[in-house]
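What follows is a set of structures to go through.
In the two complexes that follow, chain A is the common piece, with chain B as its partner first and chain C second.
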Partner chain A sequence: MTKTNMIALGVLVVMGFIPFFADSAWLAVGTTFLVYSVVAFSQDIILGRAGAFHMGHAAFFGLGAYATAILNTQYGWPILATWAPAVIIPMVVALITISPIIHLRGDYLLVATIGLNIIFIQVLENDLFGITGGPNGIFGIDVVRAFGYEFMSQTNMYYMAFILLGITLFIMKTLDSSKFGRAMFYINKDDIAAQSMGINVRYYKLYAFAIGAGLAGAAGSMFAVQYSAVSPEAFNVLQSIMFFTIVLVGGSASLPGVLLGTIVMFVLPEVFREFAEARYLVFGLAMILTMILRPRGIWPVKFGDIPSFLKKGTK
Partner chain B sequence: MKPCLLEIKNLSKFFSGLTAIDSLNLKVQKGQIYGIIGPNGAGKTTLFNCITGIYVPEEGEILWNGVDIKGVPPHKIAELGILRTFQTIRLFSEMSVAENIMSGRHIKSKQKWYNGIIPTPGYYKDERYNWEKVGEYMDLFDLSQYAATPAGDLSYGVQRKIEMARALAAEPELLILDEPAAGLNENETKDLADIIRKIQAMGVTVMMIEHDMDMIMSLCEYMTVINFGAWICDGVAADVQDNPAVIEAYIGIEDEDE
Partner chain C sequence: MDIFLQQLVNGLTIGSLYALVALGYTMVYGVMKLINFAHGDLVALSSFVGLTVYTNMFADGGTSIVAVITVFMFTAAIIAVVGVLLERLAYRPLRTAPRLSAVVSALGAGLVIQNSIMLIWGPNMKIFPSDLFPSTIWDINGVVITFTQVMILGTSSILMIALYLFINRTKMGTAIRAVAIDQDAAKLMGINVNKIVMIIFVIGSALGAVAGLFIGIYYRGITFDMGWTYGLSAFVAAIIGGIGNIPGAMFGGLMLGLFNALISGYISSAWAETFTFMLLIIVLIFRPTGILGEKTAEKV
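On to the complex of A and B.
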């Protein structure tokens, strides 16, 4: 086990015990942190691994949240039953909307995905099909009911989000040590070389988008249940910018980096809430300084995670 | 007649009116080391880019085992068994040597579409098998000591070897080398010639562009000389060396450079 893995495991254990000493306000912040970190990881699959400049991730997060909200409040589905559609709908929408623009590079893709996010917000605010609740959103979303128990306390919410983060980390680890994750890195580092090695660039980029959108949708569903409400402004382009920034500030494709990025970009502003708007000045400056001083992120990714039998005889 | 592995028929490629390749013909037989020579800007790399699907030629045919592969995308070309290296080394420089060579195992990996998120026993077996293969190719190219080193940190000569090991790890039928000796010193060039012979002995057909005349004349069994994208002559080393058209087109221009 590497040093990084030990630290990561330690952090997870500490996070598992937070409900024993945090009050419910802080527990709510903690739950949202867990949900946002799942979204940040899912953004990192697309941005940090496949290298696609995707600036519309809040739309997939929102699709998951609205899938749960609409199915529950309008159609009376129990929350548990909405989990699968909250993952599958963002995946399918990602495949349909991204596949015509997947060949775009860098800044071009960035602009196109911002466009997607704006369209998504317009659809919500104009109450298309009369099911999105317009600018006010949807209220009164149920809690998770299972085994004759209502998971409604803040501690319940925290542990559900914690399990979701655990599943996400497991998926990230699996992805990184599979041909799929590696193919994404190869495309990111040199797409011509990757193609010449037989890697279908389009397929693996769409794969990244599908997995990323599905995870973001799961996080969205959790988010809707935690606040028992959804509204368009939680999923606008500004939120997409935040997820994008979390990945770059923390460290693209670095698991501890993205977690750290979420703390810096989301938890610290909550800690310094008493300084009101002035805190954002500090964060703006912090973002600029990180990019100048640590362009690869606070905790950059380290490659070379190869099986130990190959490391015999290395210098 | 021996089976023809790759046949180029009347191939032409234009870049906005400029003729980069001018109705070129050539035949590569299985097991050969085949040389493409010609002065700078003769269209040699363009030819390789056409064969590997990076460019789509306007006219002619590229027959791979008798089937036209013109317009087939690069990743499918690799699946067919045509792998290449680049004139300007294109490694995944931040990644370790082992990870670079592992990219060659991509098309050989049997992982299912869901193995990116769900591990199965077959997935673990496949990972293990392919990493072992990477180990074999690192041994073959004497790269094992650099397994965990970022490829970009190594010398030019070592990087050339990594690029060849990466292509070979995909178990190609045809290996295309674009100026493999460029930037190498005399000893490294000698090592390279040995490696290319070793590759041939493994049953891989080799097609190469090279400017190092000593190397190409001693290595290649057959060669085609091109200039301004057009065929000048082809033949075995001795024939090509004595051909006045070659001396005029190739050596003549080299003299002007000096």
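On to the complex of A and C.
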């Protein structure tokens, strides 16, 4: 076991014991942190690994949340049964909406994905299908029920989110050493070279979007259950910008970096709530300063290093 | 037909404001390949600065041509200085960094400007005085045109023509175009790239300031977070026209303004942004670099 893995394991163990000494307000912050870090990792698959400038991720997060909310409150599905649609619907929507624009170059894709997010919000607010509850959103989402037990305490929510983060980390690790991960690595470095080596850039980028959207949807479902309510402003462009910034401030394609980014961008503003009005001013200054001092993020992946799975047998 | 003509007038008015803001985006993008996300907030800042300048200097004396011109010049100068500072502090240190780092820095700068406005002028909507321009109205066969609209159309046309001539007919304009094509080569030809970037920010911010003042005068109500809305529309306009291309930004702005006005007039303003972005996506599917954008292969 390497040193990094030891540190990671240590951090995970500490995080697993947080419910034993945190009060319920902080535990709620902790749960939301876990959910947001899952979204940040899913954003990182698209932005950090596939290198697609994607600034509409809150839409997929919101699709998962709304899938759970609508199926539960309007159609009476139990929460457990809504988990699969909450993953599949964002995936399908991502494939349908992203495939016509996947060929766009960097900044154009960025603006087109902002557009997708804004369209999503307007569909919710104008209540296009009569099931989204308009600007107020949907209230009264059920808790998870299984084996005759209701998982409704903050501690239960925390551990559910913790398990989701564990699954996400496992997926990220598996991706790294899979054919998909290697293709991503190459595409991110140089997509034209990747294409000329026979890698189907379009296919792999869409693949990244589908996985990212599915994970974000799972996190969205968790988010809807935690707050037992969903409303459009939790998924607007500002949230997308936050996920985008988390990845870049933390360090794209770097697991500890993205976690650190989520702490910096999400937990610290919660801590400094007393400064209420001025905190976003400080926040903006911090974004500028971080980028000037650490242009590749606080905890960057070492670029230029050949990953170990490519080095086998070449020593 | 009357609705159509009326929306045509309204659309051209809004469109020329979009075009003025879009020019700021497109010039910065052309030279630095950076989406200046803080530009919209500079526009909002100019509305507030203009309001303060006006109420402090001319509130009692009534309006005169001199007063209005002074307000415009003064505000444009202040916003130009802020724009140059923005470039110095937030963008210049990142010129050689990965491109997305500069995008995050721009987003941060936008947040700083927006929240500074909120801390200085408060979070509530401010109302612009209505007496900057005379309230003359022309009614041509049921189509209403206000004095403000004429002023907006006139001023923005003059500014756009002046900018076009400046970029295409002067030595400085040639230098700007050279830097946009290849910074290193321009440097070797003895062009001071830092100075050119500064000029870009002066012009872009000043044009944005004029647009911001007109937004205040035309819509009356201004809020600290309005920069994001106008900025995004103007940025979409710049992309539809072909970003980096100055006539493209003008064309894109007017086109988007007309499109928005017709959507609001015939369908519903609640869906305006959805249609805006659908238009953008459709344009990008068929013309990936915008309508007037040049088809350039990415450098390998």
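One rule holds for everything that comes next: the second predicted complex is superposed on the first by the 302 of 315 C-alpha atoms of A that agree within 3 Å, B and C clash if a C-alpha of one lies under 4 Å from a C-alpha of the other, contacts with A are read in each partner's own complex, and residues count from 1 in each chain.
As a convention for this text, a residue touches a chain if its C-beta (ideal position, glycine included) is under 8 Å from a C-beta of that chain, and two chains touch if they have at least 3 such contacts.
Since the structure is predicted, the reported quantities are computational estimates derived from the model, not experimental observations.
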Exercise for the section: For A:115, select first, second, both or neither according to whether it touches chain B, chain C, the two together, or no partner. Expected result: second
Exercise for the section: Check whether A:287 is in contact with chain B, with chain C, with both or with neither, and answer first, second, both or neither. Expected result: second
Practice task
Name the contact category of A:96: first (chain B only), second (chain C only), both, or neither.
Solution key: neither
Practice task
Identify the partner contact of A:248: answer first if only chain B is touched, second if only chain C is, both if each is, neither if none is.
Solution key: second
Practice task
Please work out whether A:104 is in contact with chain B alone, chain C alone, both, or neither, and reply first, second, both or neither.
Solution key: second
Exercise for the section: Quick one: classify A:123 as touching chain B (first), chain C (second), both or neither. Expected result: second
Exercise for the section: Go through the superposed model and pick first if A:192 touches only chain B, second if only chain C, both, or neither. Expected result: both
Exercise for the section: Please work out whether A:200 is in contact with chain B alone, chain C alone, both, or neither, and reply first, second, both or neither. Expected result: first
Fill in the blank from the handout: Both partners, chain B and chain C, contact chain A at residues 192
Fill in the blank from the handout: chain B contacts chain A in the complex at 52, 54, 73-79, 83-84, 86, 90-96, 98-99, 102-107, 109, 111, 113, 115-119, 123, 127-128, 131-132, 134-135, 138, 144-150, 166-167, 170
Problem - Residues of chain A touching chain C in the complex - result: 53, 100-101, 103-108, 110-112, 114-116, 118-119, 122-123, 125-126, 192, 241, 244-245, 248-249, 252, 277-278, 280-281, 283-288, 290-292, 295-296
Problem - Footprint of chain B on chain A - complex, ascending - result: 171, 174-175, 177-183, 185-186, 189-190, 192-201, 207, 211, 303-304, 306-307, 309-315
Exercise for the section: Over in the complex, which chain C residues touch chain A? Could you list them? Expected result: 29, 35, 89-90, 93-94, 97-105, 107-112, 114-116, 118-119, 232, 235-236, 239, 243, 270-271, 273-274, 276-278, 280-281, 284-285, 288-289, 298, 300
